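In the two assemblies presented below, subunit A is common to both, partnered first by subunit B and then by subunit C.
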Partner chain A sequence: MYINKNLSVHVKDRLDYCDDLVIRTFPELKIEVLYFGHLVGEEELKNNILQPFSNTNEEEVKIILRRKQYQQEEDINLMVKGVLEGKALIIYQNSLAYAVDIYVPKTRSVTPAEIETVIVGSKEAFIEDIGTNLSMIRRRIKSDCLKVLSYNIGTITQTKMYLLYIEGITSPILVKGLQEKINNIDTKGVNDLNQIIQYLDKKPLSVFPQYFTTERPDVSTSKLLEGRVLCLMDGSPYSLSTPTNFFEFFQSPDDYNQRWLLGTLSRLLRFAALFITLIASAFYVAVSMFHYEIIPVQLLHEFIQSRSKVPFNPVIEALIIEGIIELLREAGARLPSKIGQTIGIVGGIVIGTAAVEAGFTSNVLIIVVSVSAISSFVVPHIVMTASLRITRFFFIILASIWGFFGIIFGFVIILIHLCRLKNLGEYYLKPISPLSLKDIKDTIIRAPYQFFKK
Partner chain B sequence: MQTEKFKPFYLFFITYMTQTSIVLFMLPNMIANYFGYNGWLMIIPISVFAMIQIGLIAGIYYFNKGSSIFQTIETSFSKVNIIAKPLYLCLSIFWSVLSITVAKQYVHVMKFLYFPQTNIQWFVLLTLILTYYLVTSGIVTIAHVSTLFFFLSAPMIFLLIYFVPDFSFLQFSTFVFNEHNDFYGGMIELYTAFLGFEVTLFMFPYIKKEKKVFKYVFWGHLYTTLLYLSVTIFCYGFNSFQQLNYQVYPVINLLQYIEFDFIERLDSGFFILFYLKLIITITMYIWISLVTFKRVVMWSAQRSAFALLVVGYLVTLPFVTKNELTSLLSLLAKVQILISIFLPLLVLTIIFLKRRRKHV
Partner chain C sequence: MSRILLIILILLVLPGCRDQKIVEELGFIHTIGYELIEEGENSGKLEVTISLPVAETLKQQTITTVVETSKESRIFLSKKTDKNLVSGQVRSILIGEKLAEKGVWDLIDTFYRDPVSRPTVKLSIVKSNPKQLLSKDYPEYKMVDTVIENLLKKEARLNTIPEMDIHKFAKDYLDDAIDPIAPIILQSEDGIMSDGIGLFSGDQLKTTIPAIQARIFFLLTGEFKEGDLLIKNEEEKVLFSFLTNKRSIDVTLGDKEEIDVKLSIDFKGFLLEYQGNKDITNEKEIEALENYIQENIENQIRDILETMKEHQIDNLGLGKYLKQKMDYQTWKNLDWPKTIDRVNVTPSVTVKIIDTGMVK
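Let's turn to the complex of A and B:
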């Protein structure tokens, strides 16, 4: 909408009932400046508005406004949008408008990663400001091939989002595919990148995460170099990358920063942990309900003795203890870290020991459930850990009905589901399904760098 | 829409996974009963015969240039559809019944050995659910899943190492085929163990075109032969001939012998892990049933698969006991042998007739 008369009234009309809007006037210069005080920087305001217009006259104003930082706007929608984005709008003679970017976000400084911690390697993590996050990536990839496309998500919130890819490495089909998906998001607003993911999910009913998110700029950079598309969103200290595969959730920067043998062994350990966390409790239930014959004779006596006091069916027993573990975990996540430790003591010692002594559960199950819980935390990615926890209950119930057959049934269902899952045309279980032997060197194992092709 | 295709090396996994099924557990007993002492030698000529059949299928693939055999049949004569369509329907129902009988026989053994109190219908229904889920995913996903299941189940072959210390060549004796009965009947029974390669006949349009596509089917078949040979040889070397004659499931007896420090007996686990192979076997037969059915009825894959599974389930419903299932499967397998021999021959004949007509 183009207006060149009574511009000030029209803009103010659009920003009516916005008490946080600051209007400064310079009557002798016929200038009005509009901005939101909490979006702009003091220094920037002083340098671009206050100082240039304080000691000047009407003749010089025209010269000042010709400077490159003052960008003339003619569309009233863009003027309002500019003010909302932290620009100062200079209205001259009530008919001309100039926008000057003096946006300085008030965010926290860059801090070490809290969830995806590493032993060796960079410590910094993304913060809520998209500009800072983008700068962290640009600092790591100094190439003109790194392309950044900008989007605004949410009809009301207009949250800024960047789509990043490296030209020449990333397939243009992937970029186009994600662009289409982003353009199709129909929502009033989003608060976090993790919400965006749920809009993008192809199979929203799947229990497994279909997009990889990370709070680490080094991981994001490596995803870009692997040919993936990356997204950053204002207000979210995460990046998302796609296409995602299952094995990414079991990788940690430590694997790459440490020597290859250690990296490989850590990875294999994580896959063992995946297996243990999924079926440890289910295995206990299956053995104690259907397959006693597998327990060695020496252990059988102890096993039966520990179960003899328990009045419940093994499945009820397992579900109670798994439920308690879930409560402890949820309470630990919500509480401040200092009180969180108390929860650990209460849960670990008080409930664990007391439950066995009270005859609520057998001590064998306490060991099994603890090993299963510890194994679930070995998986480096928190979203995958959550998925595996849910799946664990599925296995316990199946094992209680059909023993080992139930466990195998569960596995077959999950494996078929994983083989069917696709993300932007790429299979989720690649390189295992479809099989690609050359890619296995950086999924199941971490081969020495000399084995990787450029 | 372009058909999604898979790379030819998946044929190795599909062939092997479709061929091996519950019969592996009975094979040494069957061989001992039919062929007597050193009966395992018979695996080789039967395997070679199956290989000739694979050769015929490979020939069709090359003459057909990878296009569907249905197209070849339907475009052969002007009024062929009048015969072909009802035949397709019969074949598709037959394969559905065959696959569900195979599944039923497996779950029957499982119930008999490990879940005496569970109703067999539960296991059948669960198997049907999995088969439906897998078969409706499409052949490319089936190929991927069979590869994955291969790697999960194939390491079981290393369990044979456990029997090396107790293996004795003396058990073989110097007799060859002594105490055999019904040699020809045995050959037919043994040939049924190799069935499964014929599903590749229906896969032509779904295979990416490369050189020597069918070498993977040969490799898959050779791997099956190797597995049968090693399991049977180990059974012959571990048990006496008389023991082998009496054990209905000698391979399960072998598995029961395995004992680790921390595990007393895990035969149930191993047997149930074998379910991964079973799922592929039945899925492949349901899949060929599905593609045949879809030539006649224009339903969606989901609806067709559901209908076929229901029909198969209902037809096999009255067969519950071991004897009933064994005789039904034996009959169906014999019909399948005829199909596996005559269908490739029929298609080859059509191809040659068409070629001659072209030249004329």
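Let's turn to the complex of A and C:
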């Protein structure tokens, strides 16, 4: 596409809705400069753009533009591509375009992901600076379809926030829906993206997270490509994506980076862990209070022997041990990592072994609670883990009232709740409810990529 | 708001309906034994013995009581222990020989109806007294009841006794074309041992088949698919291991009241051990050996059938095959199994030795 007239308008049209685009004009020279601030180096910008054009006049401009770093571009596609790759585009007299490469991405102090770690894959994580975070995404998606809208949140803090989406993939209704929600946020200030989420929640009383947050740019990029809307906030090393569904919280980049069979198996393992962490302790309570019939006879003797020393009712016993595990977990999270190891020793060895020997709890329960705690760490997203921790207590109480019936009752209640949850008009349990067999290949299992082709 | 109040109200009220059984407060009856008392002041009453594990010592406790009917035994037994007696973990029922001869359906019915007790509770007949069997101190066993359970399981796998649980017993009892069977165990000097099959007529024990013949019995029922068979007389001893067993029963209804049943058993296998004067490297001699085994088995089958005819019982389930051949009225008029001696059973056994193995 070769356009000689109104070049500036055409280029700007292609880069419409990109609020991170910087446009500088030198009206007396008839020059316009376009670039993405977060992709270019300040020193380079100063040397190649600001200095040459600020101390010159109209006649000398032509001579300056003949220097070798300014490459004349004639194809508008290449111009846009250049801007996306970190070049500055100089539009002269609204008809000639020159690109100059001043690409210095903001990579300073990018650290490996600390919470969402992977075995195979990128180690990059977001940092607190929003410009750097945006440049990480722009570097991964070099397309003019990636649109960026800018907001300021908080009447006093005026925190910068970007809303990202890919034109042509993301439904405009979603963008409009989220825009509206963000505009409706009425607060003096927020400190983190995870606080914004709670302002956006449609059902604040639900225990389940309704927005997906991640500290990984690769995950954020794939969310964008799946047609979701992404939010970044200054000062927060997280991105938010929506609409969210339940199964996202059980996916890890490892599933996609490793071979599909391994990905599928580890995903199935995580769903098994979901059930174990939810009902292991409740199952113990139900069996030891109601359903003695199902204990294998070989285990029965040891089980009663260890139970007979315990002075508490099984449900009190289970709540005490679960409570201790929660204490350990909370202490581990608050302590500096060097002292943190001590907690493991105190918790694991001292409390675990001594509690059984003192007849404070039965050894079967220690196993059950540990398995359920380990299973809860298998769930890759810490927000979901926290939700499951709370739900587990709900199950223990129900099991202590009605046994197995109580556990089933709890499952039904939670299932009904999950089915009712909606996020920007999309169901939380999609594609299981409402069922869409076409989309199921990337929820409970991870099918080979060849199957994803339409 | 009123909905939440309603839910809270339901949650507060419903726990009253709970049927809590906290595990350490329970006494799990593992084995339960019944015997009829024939002498003394309690004559005609039931002697009920239960064994339950005591968790604190990991030993077995045995309690006995004498009651009029089996249903009231729980109350009397419960007085003698600090635990709540429950029957959800009952693994085996031992019935004394004397009681078995009177009829056992009442006892089994109690368990069969109880939703808590599993249908796989094993049933067996004890030749000596169940109380003695359970309460004797065996220094080599920690818990006798689990030994009995494992013994029954193992022997049933080796096809010397039937694997009889109350579900199967009830099914055979209520079926008019077959009579139930049950394994027999007894207390010997070495401990506890299994001792063949008890044949029932209805719910009453009639006669027994010794352990050595038991495998032949299972050949006939078709349950014995592969394993070892020992055949011996004064001169020869053959240990025959067979791999395939095909059994078929053909019923031919004659003109008048004759019923012909052809029992054909066809199996292949190899020699494990042979002691005798035949040269088993010679093909003709092998053939002779095959004939000898066939004849021997056929004779044993005739013995079993003779025993059944003598007591007018049909534990093999020949009636099932007869029933298929006749209409319902004829079957009803037949009054099976009292008419079993009208049936001509011809056993026909084919043995094929495919390998003589490493025998000299």
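Simple rule for what comes next: the second predicted complex is superposed on the first by the 345 of 454 C-alpha atoms of A that agree within 3 Å, B and C clash if a C-alpha of one lies under 4 Å from a C-alpha of the other, contacts with A are read in each partner's own complex, and residues count from 1 in each chain.
We adopt the following convention: a contact is a pair of C-beta atoms (placed from the backbone, for glycine too) under 8 Å apart; a residue touches a chain by one contact, two chains touch by 3 or more.
What you are looking at is a predicted structure, and each value in this text was computed from that prediction instead of being measured.
Shared-chain residue A:Pro434: touches subunit B; no touch with subunit C. By the touch criterion defined above, A:Asn313 reaches subunit C but does not reach subunit B. Judged by the touch definition given at the top, the superposed model places A:His301 against subunit C, while subunit B stays out of reach. In the superposition on chain A, A:Trp402 contacts both subunit B and subunit C.
In the superposition on chain A, contact is made by A:Ile413 with subunit B only, not with subunit C.
In the superposed model, A:Ser288 makes contact with subunit C only, not with subunit B. Looking at subunit A, you'll find residues 290, 293, 295, 297, 402-403 touch subunit B in one structure and subunit C in the other.
Listing the residues of subunit C that touch subunit A in their complex gives 11, 14-15, 18-24, 26, 28, 30, 53, 55-56, 58, 86, 88-89, 91, 116, 118, 146, 149. Every residue of subunit A that touches subunit B in the complex is listed here, in rising order: 290-291, 293-297, 402-405, 408-409, 412-413, 415-416, 419-420, 427, 429, 432-435.
The part of subunit A that touches subunit C in the complex is made up of residues 287-290, 292-293, 295, 297, 300-301, 303-305, 307-308, 310, 313-314, 401-403.
Contact residues on subunit B toward subunit A in their complex (touch as defined above): 6-7, 9-10, 110, 114-115, 118, 122-123, 126, 130, 133-134, 137, 141, 144-145, 147-149, 151, 261-266, 268-269, 272-273, 275-276, 279.
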